[in-house]
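I've put the structures underneath this note.
Two complexes are shown next, each including subunit A; its partner changes from subunit B in the first to subunit C in the second.
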Partner chain A sequence: MKAPAFTFLRPASLDEALAALAAGEGEARILAGGQSLLPMLNLRMAAAETLIDIGGLTELGEIAEADGRVRIGARVTHAALEDGVGGDRWNGMLVFVARDIAYRAVRNRGTIGGSLCHADPAADWPVAMMALGATMQIAGPDGRRELDSEAFSLDVFSCALEEGEMLTAVSLPRLSPAARWSYRKMRKKAGAFGEAIAAVVHDPESGLVRVVAGSSPLGGPARHADLEASIAAGAPVEDAAIRRSLAAREPDLDRYEMQIHATCLRRAITEVMR
Partner chain B sequence: MTRLSLTVNGEAVSVDTEPRVSLADFLRDRLALKGTHLGCEHGACGACTVLLDGVPVRSCITLAASCEGAAVTTVEGFEDDAVVARLRAAFTEEHALQCGYCTPGMLATARDIVMRHTTPDIAAIRHELAGCICRCTGYRGIVRAVARVIAERAPVGAAPDGDCGPDAESP
Partner chain C sequence: MSQANDRPATATGVGAALPRREDARFLHGRGRYIADLELPRMLDVAFLRSPLAHAAIRGVEKPEGAQDRVFTAADMAGLVAIRPTTNVPGHRIVGTPPIADERVRFVGEIIAACVADSRAAAEDLVELVMADLDELPVVASVDAALSPDAPLVHESWGSNLSMETRFESGIEEAIAAASVRVTRTLDMARQAMVPLEGKGVVAHWDAVVGQLVVYSSTQSPHLIRNGLCHCLGLQQRQVRVVAPDVGGGFGYKAILHPEEIIVAWLALRLKRPVRWLEDRFEHLTAGASAREHRYEVTAHADAHGRILGIDAVLTTDAGAYSIWPHTNGFDAVQASGILTGPYDIRGYRVHTRTVATNKPPLSPYRAVARPGACFAIETIVDAVARAVGRDPADVRLDNLVGPAAMPYKAVTGKEYDSGDYPACLRRAREMMQEVEADPLPDTVIGTGYAMYTEHTAVSTATIAPLGVQMMPGFEHAGMLMQPDGSLEIRVGVQSHGQGMETTLAQIATEVLGIDPERVTVRHGDTALSPYSTGTYASRAIVMTGGAVAAAADALAERLKRVAGHMMQCGAAEVRLVGGELRGPTGSLSLEEAAHIWHFRPFDLPEAILRDGLELTAGYRPDGDRAPFAYAAHAARVAVDLELGVVTLLDYVAVDDCGTRVNPTIVDGQVLGGVAQGIGTGLFEEVPFDDQGQPLATTFGDYSVPAASEIPMIRLDHRETRSPYTRFGVKGVGEGGAIAPPAAVVNAINDALAGIGAELCAVPATPRRVLEAIFAARDRHGAAQEDAR
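Entry: the complex of A and B
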């Protein structure tokens, strides 16, 4: 239960961090809050020759608004989002999601960027960010680029970052006051990872309609375009349609998994359309 | 080995340490502060919870090296803390501990709950305590003790603070 040996770096700037990543040639890893990486190192489920602690990069800890979108630095903690630091532009959604991630002591260190890069299929931010239409801002040896959530989320524990790249921020639109959202999670106890997660967002002003489900059995978050179309049209969404949509995506759900996923989605859709 | 300088329980400390050493092992093995207990060593049980710049963190999944320049408070550093003094009394009166293994983490967590809540809402306290496992008490005494201190503090507002870092008084 102790981490293996590694070299520890604490760069003072983004350029320094990127240079260290490049020098590591694939054997160096970013350390953000460490709330996923350190348990895995302790359990010897992960290894790294070098850890690059980004705790000193103030630029990555900022929240700023420009052109109707809000940029949340990768290093912003779950606790800061729970406390609404930087202002709530999502009618309470980010505060609600943050409050139910792990425990306060974990939220004080765990970061939104770490959660997105770690890409645990049952993690909360990947689902919530996809539902809000977030894009991922990436810096690397070839400069900067931006990817939408769907392109960023590749597979279980895998995201679209290339070797030498890191996530600097997520950029997301603010919701209008008329927007409605619902976030439903089935879990064994408060703070445990969700066995099923559903996030639904409908903003009539911007036209944003998202239905996202995520969890380990589903292999991570993805959108349900057929259900989104029904919501956009104001058409009622039957339970059978939800089950068909889930089965089309993951035919191997057992009865229990289907039941909890369908229930989460139904409750979230009902809450938003009410 | 890297030189690590930080403040622990109000005292400046500067010690050589290996980068892979957790804050928990640093406190226990290098500083002989054995009040910080280890249970799961992967963030799930809460026994190792200490204050880092005034807020609770898991010392088992925080690297000591990441705490350069920070202020750490362990259970040994709560002696003069007014909020923890009240919690200690309430824990005694409500039978909120038996073997005491979970208690250092419970106190660090309970202090934070008391600092952030102004009404003793039992459901909210239980939600906040969900990350701290106690194998003895069945939690009822702990929940009652935390609720009691929140209720006691409510009429007088924020109680005088102990030496627990800059953010300790934030709501």
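Entry: the complex of A and C
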């Protein structure tokens, strides 16, 4: 399969990119690493009259720390995070997550921002970012705004970006040395999308407690507040409680799906509370 | 390990582990595949393929202004449909149409061909072609196809049963004598073959020679030429088929494809070069054509697990049409002929049903049907062992055909020529026990064994009852000694990963003593080589290897006559040793003999001159009998009982392919086959929904094992020479792929035995493993309920 013809632009600045996006009137798409968009264009499952390649926007490729939060530019690649470029402030969690995204060839080009905007319900970064309490930095025709992960993640293959807007960076708090995390992904083989993903983070210093599960059957990532409350209280989390929490969120999980999601969550919670 | 060779290996002849001569170009990216061919004014083709599994075509509307770039069945009315032949009584057979006319019968069937200057532009054109389709009811499984009021794939048949065979021998006696009966239903899913290089065709009319030249990524250039001549109404001399480098075939490229016919037709019609390159989406939909079998098997055994009889119904999901030439019945015939495996089982009854469904036509995939048959018999052997409370490997040892019984005539009528099956299994068990498994958290470890015996290099006699239009039991080789004494070998088989440019040169070296660096092997081109049915059925090293040796023998005789004349002795007194023609008083090198014939004709008598140093010779194994290769495989797995994930920890394969012409290449063949078999066992599947829609259409959904999924496979070999073949070789190209599904599932079932669960289907995906566990829990729960 080959993509239909499109116009290719490579702006040199964010303003230029936003102007091109506005000029596209909804028919222009941002091209980051192209690891999802290009196959979809080739399969003719997605269409674009214009592709705006953001590979030239240096600002979007940077990792910087300010005011206790770390800003990761939207076009930072999975490979850069796997390699710990910019330093590890999450006790190894980002390195761990990045290392198991697809294959190195994909990670060399695929970007964190592209993954978050593409919003594949089985993708890793949406789950991991929600578990770390990340916020999304957005630029658009009306200026800049910021959304937390829960508000950014709308639905399957759908995020909160409005027409003409683009993601410029994610901002996330660093974890204290005492923080514990667990990331459990069940997949058919190395490099495959997760069939079930569970991420649990507990930072006793900052008070951050997150329990996030995501997958296609779950329709993407979401927090499990009831389980977070148990962890915060130091109360044991029973398998039945995990299953109730999953069933409340998605009543249509079949027995297999319930089993793998509950197992990933239980193992992640156990690892963090150990 | 075993030493059955009566002849020491030389450094470069048969038995030498020469590095593959092909590697220099393959490993440096200098191979030349279909997609590397550039011809002036070449057009690309894209196909409009059916989005429905069953529909009536009411009409196809070409886009305005593109009438001369879009072609449908109406335009191709002159094409003659190909009809596979069969001798099986009652076999109803419809060949795959080159292009759909009034009906489409599977998703991906071709409705129109669109040409443009690029593939992207051709695909743009496809989007503008409007096919008016009336949806018809679909049968997407054998259960649906065999249900009482099933919709019919071919209305004139009156049912969806294409072919039925029955065989019975000694089963009633076995049933009467047996005290243990074990019954299982075993399923092997539908797969795609996913060669690294997809299918591809480039065709153009060569006005100079008056030939249609078809470059095709095929295993069988002459067979393709036969098919094209039939369909296009051309004489054989008017068509040349060339297979350049072919990046894997696995059977997918041993058959005539509709795209080959259409591209050839377009090249004739448009008088321009035309190209089609299969993409992965096309392959995983229209090419999802392999393996789908169901076995309902009962083993009748005594209390020690000695199996007395096997009673089986084999149902294959053969898809909508029959491939050419092998027919849609090939899987059923192959599987039913080998279902009793390497065991001494004297009672056998089998009923095969080849069933039409609205899916792509079933095609022969590496080891055709044997992985299914092996999966069935080997899981049943384990089930028998569990039923009698014995170790599965011990039960195997008690049932295997012993070395003293060779040659052994199986109940199926097949003759197993040679080997020591029990020693092979003992070696595999010993190797498995040498290594301890590292436990993984949250998992249970299991070990499983599987064996097979494989009818390699299928004989003509074997295939004669089927009436298939091919002649497998014979090959020719051309041999041309050049003026400088270097050698060109020309063969009609096509090397697409077998390393034949190396091994066939080694065979010439073995006979002639020529330096392999002075030998070229030409293959894959009907213009160059003698007739051949191609590379399939683990036959090339047996048949073509034998033909190369026969041609080398004949060439040696001619060289001896030259040398004898020059040395004033009889040809019979000349011996060819290490590339030297030695007479009683002197010697001549090959180069000198070649030089004399080409440049000093005045020194030679007419009879020697007349015969020359170029010849063709043929070969068939003694008595048209086939060598049986065999192996014992062992797998160790870790099963996560909560997630259903299976991790392969260790894998052992001990095989016997007789004399190994090149041990390194044999290792490569076995390793590659095992990796593909692991794919069948654990990962690969194109599921279809009940409307016949394929559900794995990209590599995102179709899981092929990669490096992370394949453990370090440990190999060992036995070498029992076949009594029927030159050098005692047996075929080895397919065998590796046969046993892994059975070995892996037996290992999983060993791990699950503690909780009473058992898996009876492949691939062993996490869902299938967990469902087997759920079923065991539910049974256990119900039993506890009953006990209260």
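Everything below uses one rule, namely that the second predicted complex is superposed on the first by the 274 of 274 C-alpha atoms of A that agree within 3 Å, B and C clash if a C-alpha of one lies under 4 Å from a C-alpha of the other, contacts with A are read in each partner's own complex, and residues count from 1 in each chain.
Definition applied: a contact is a pair of C-beta atoms (placed from the backbone, for glycine too) under 8 Å apart; a residue touches a chain by one contact, two chains touch by 3 or more.
Because the structure is predicted, anything quoted here is derived from the model rather than measured.
In the superposition on chain A, A:267 contacts subunit C only, with no contact to subunit B.
In the superposition on chain A, A:108 contacts subunit B only, with no contact to subunit C.
Touch criterion met: A:3 reaches subunit B and subunit C at once.
With both complexes placed on chain A, subunit A has more residues touched by B than by the other of subunit B and subunit C. In the superposition on chain A, A:188 makes contact with subunit C only, while subunit B stays out of contact range.
In the overlay built on the shared chain, the residue A:39 is in contact with subunit B and with subunit C. Once the two complexes are overlaid on the shared chain, A:17 sits clear of subunit B and of subunit C alike.
Shared-chain residue A:256: touches subunit C; no touch with subunit B.
In the superposition on the C-alpha atoms of chain A, the part of subunit A touched by subunit B in one complex and by subunit C in the other spans residues 1-5, 39, 43, 103, 189-191.
Residues of subunit A touching subunit C in their complex: 1-5, 39, 43-44, 103, 186, 188-193, 195, 255-256, 259-260, 263-264, 267. Interface residues of subunit B, counted against subunit A in their complex, comprise 2, 18-20, 22, 25, 41-43, 46, 49, 52, 55-58, 60-63, 65-66, 68, 108-109, 112, 126-128, 130-132.
Subunit C contributes residues 118-120, 123-124, 127, 279, 281, 442, 642-645, 683, 698, 700, 703, 705-706, 708-709, 765-767, 770-771, 774 to its touches with subunit A in the complex. Partner subunit B is touched in their complex by these residues of subunit A: 1-8, 10, 31, 34-35, 38-39, 41-43, 51, 53, 55, 79, 102-106, 108-109, 189-191.
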